[in-house]
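Everything below concerns the one structure shown next.
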Amino acid sequence: MARVYVSAVMDATLEQAWSYLRDFGALGNYHPYFQNSRIEGGKPPDQVGCVRYFEVREGGGHLREQLLMLSDDEHRCRYRILHIDANWKNYVAEMHLLPVTEGDKCFGEWWAEWDVPAEEEAEAVERVKGTFRTFFACVDQAYGRR
Amino acid sequence: MARVYVSAVMDATLEQAWSYLRDFGALGNYHPYFQNSRIEGGKPPDQVGCVRYFEVREGGGHLREQLLMLSDDEHRCRYRILHIDANWKNYVAEMHLLPVTEGDKCFGEWWAEWDVPAEEEAEAVERVKGTFRTFFACVDQAYGRR
Amino acid sequence: MARVYVSAVMDATLEQAWSYLRDFGALGNYHPYFQNSRIEGGKPPDQVGCVRYFEVREGGGHLREQLLMLSDDEHRCRYRILHIDANWKNYVAEMHLLPVTEGDKCFGEWWAEWDVPAEEEAEAVERVKGTFRTFFACVDQAYGRR
Amino acid sequence: MARVYVSAVMDATLEQAWSYLRDFGALGNYHPYFQNSRIEGGKPPDQVGCVRYFEVREGGGHLREQLLMLSDDEHRCRYRILHIDANWKNYVAEMHLLPVTEGDKCFGEWWAEWDVPAEEEAEAVERVKGTFRTFFACVDQAYGRR
């Protein structure tokens, strides 16, 4: 079983980071690893149970992920992979934001757990870490006051 | 600050109880205290942020409640009151279901916290307790094998 | 990765079940699978970080488990295995009690997650399930009014 | 009902901040508002249920606080006030640390909820905010690499 945990402080308010990351179908518009994202069936991206389709750039195949939980009061979102072009199983991930009151910034944590063959685990872990890091970096780039 | 906690064992499976209680707009169809429930703006009842409108029977006025969180993997739902014909403020409630593996039943817990004038607290607490108890009793009645 | 979840309704109050199960070093006194339990180093059984030693009856070897978390307000206890005479790794378990207000009983849930070789998983899962079930049955036997 | 939430990023690792703040009886040794702290009855400071006694400097009276929950794996600690020389009731607070993996720092959040007469609430809230802020600042001062 692989487990990834990435956390970062973003130079944005909680409201800014949440409005950016809450949209479950928008990652193809800003995340450099992905493209052509959309919610299947024309559903709203905050409907629990909806599925997002998106493609990995440079021929990396496509993914389908389902929204399991969305919380506007705890700023939390959980989802699972329905399809990926890799030998991954039981993948569940959660994104969670908290305010940094001393400094008016935003703390974000993002974890994932899944099964992957042992010989592919190290590479898979690096891929997921990079994905999560980049999400936080995108928020920083969009709102950063530095 | 008032706080209510009600929990019960329902004679239903987790899947049955969740399919029954998950629908945020349906309470007017089965709960004997309420009528004429609907999600405002034609939104789906599992879209986080949606608002349900419903009426209290026998001239008890109407409520508007907003879905704050919905979790299909933890079987959890949280919401707040936007309007009630009473002096209640900051009302948040959560419904949470867990399986009873020894016996194939379903445990449900339902809590609420809110501010209410001290002289009205006892009556308000009884009203909310009765509402939650009755939700669980409705599931029992729909699926009970006794 | 193996995962076990067992839950039951005990014919005891929350206070009774918690007072019975909270004592991290006492399982050898009542659980039929185990004997000769004690907290190492003479520490109190509610000191977070303490280690319990106990033996599996009929020559099943011994275990050492460390208390990771104890909560008197949420009635929750989490621990990990430091030693077991089996090929188990990364074993963490949590016991959690909740009141059943409609009926004055106690709902208990107990989960564990750990790594075990695939060919031993089914048997390991049954062993842990049986252990947890029996904990709840012991409470029932001690307090049950049936 | 008063509620305080303070969070900060400390220039320390998670392990450093946790080892510093975990000791329930030590606050009198470093927090500038307090003095003469000790765990009553000679109990270890990580025994759930233990009570810490400490004094507020400059004649501010004394407090007794009881440890409700301690978690070494989630880096979490919850406690309640048993005695304070003020009209506060039902005071519960929780301290929680999380690692900041991007930068190797530590995020800390500290909340409290309690009842206090309306006319004293604003001052009480400022007092508690200042107390929590200063805890985090003490960690920063002890380990900061700036």
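As written, the chains take the letters A, B, C and D, and residue 1 is the first residue of each chain.
One rule holds in what follows: contacts are C-beta pairs under 8 Å (C-beta built on N, C-alpha and C of every residue); 3 or more make two chains touch, one makes a residue touch a chain.
Quantities reported herein were computed from a predicted structural model and do not represent experimental measurements.
Here the chain-to-chain distance from chain B to chain D, counted in touching steps, is 1.
A count of contacting C-beta pairs for A-C and for A-D identifies A-D as the more extensively joined pair.
Note on chain placement: the centre of chain A and the centre of chain D lie 33 Å apart, centres being C-alpha means.
Between the CA-based centres of chain A and chain C the separation comes to 35 Å, rounded to the whole angstrom.
If you check the complex, the residues on chain D that touch chain A are 5-9, 98-103, 105, 107, 109, 133, 136.
Note for the complex: chain D touches chain C at residues 43-44, 46-49, 68-74, 76, 78, 80, 92. Listed in rising order, the residues of chain B touching chain D in the complex are 1, 115.
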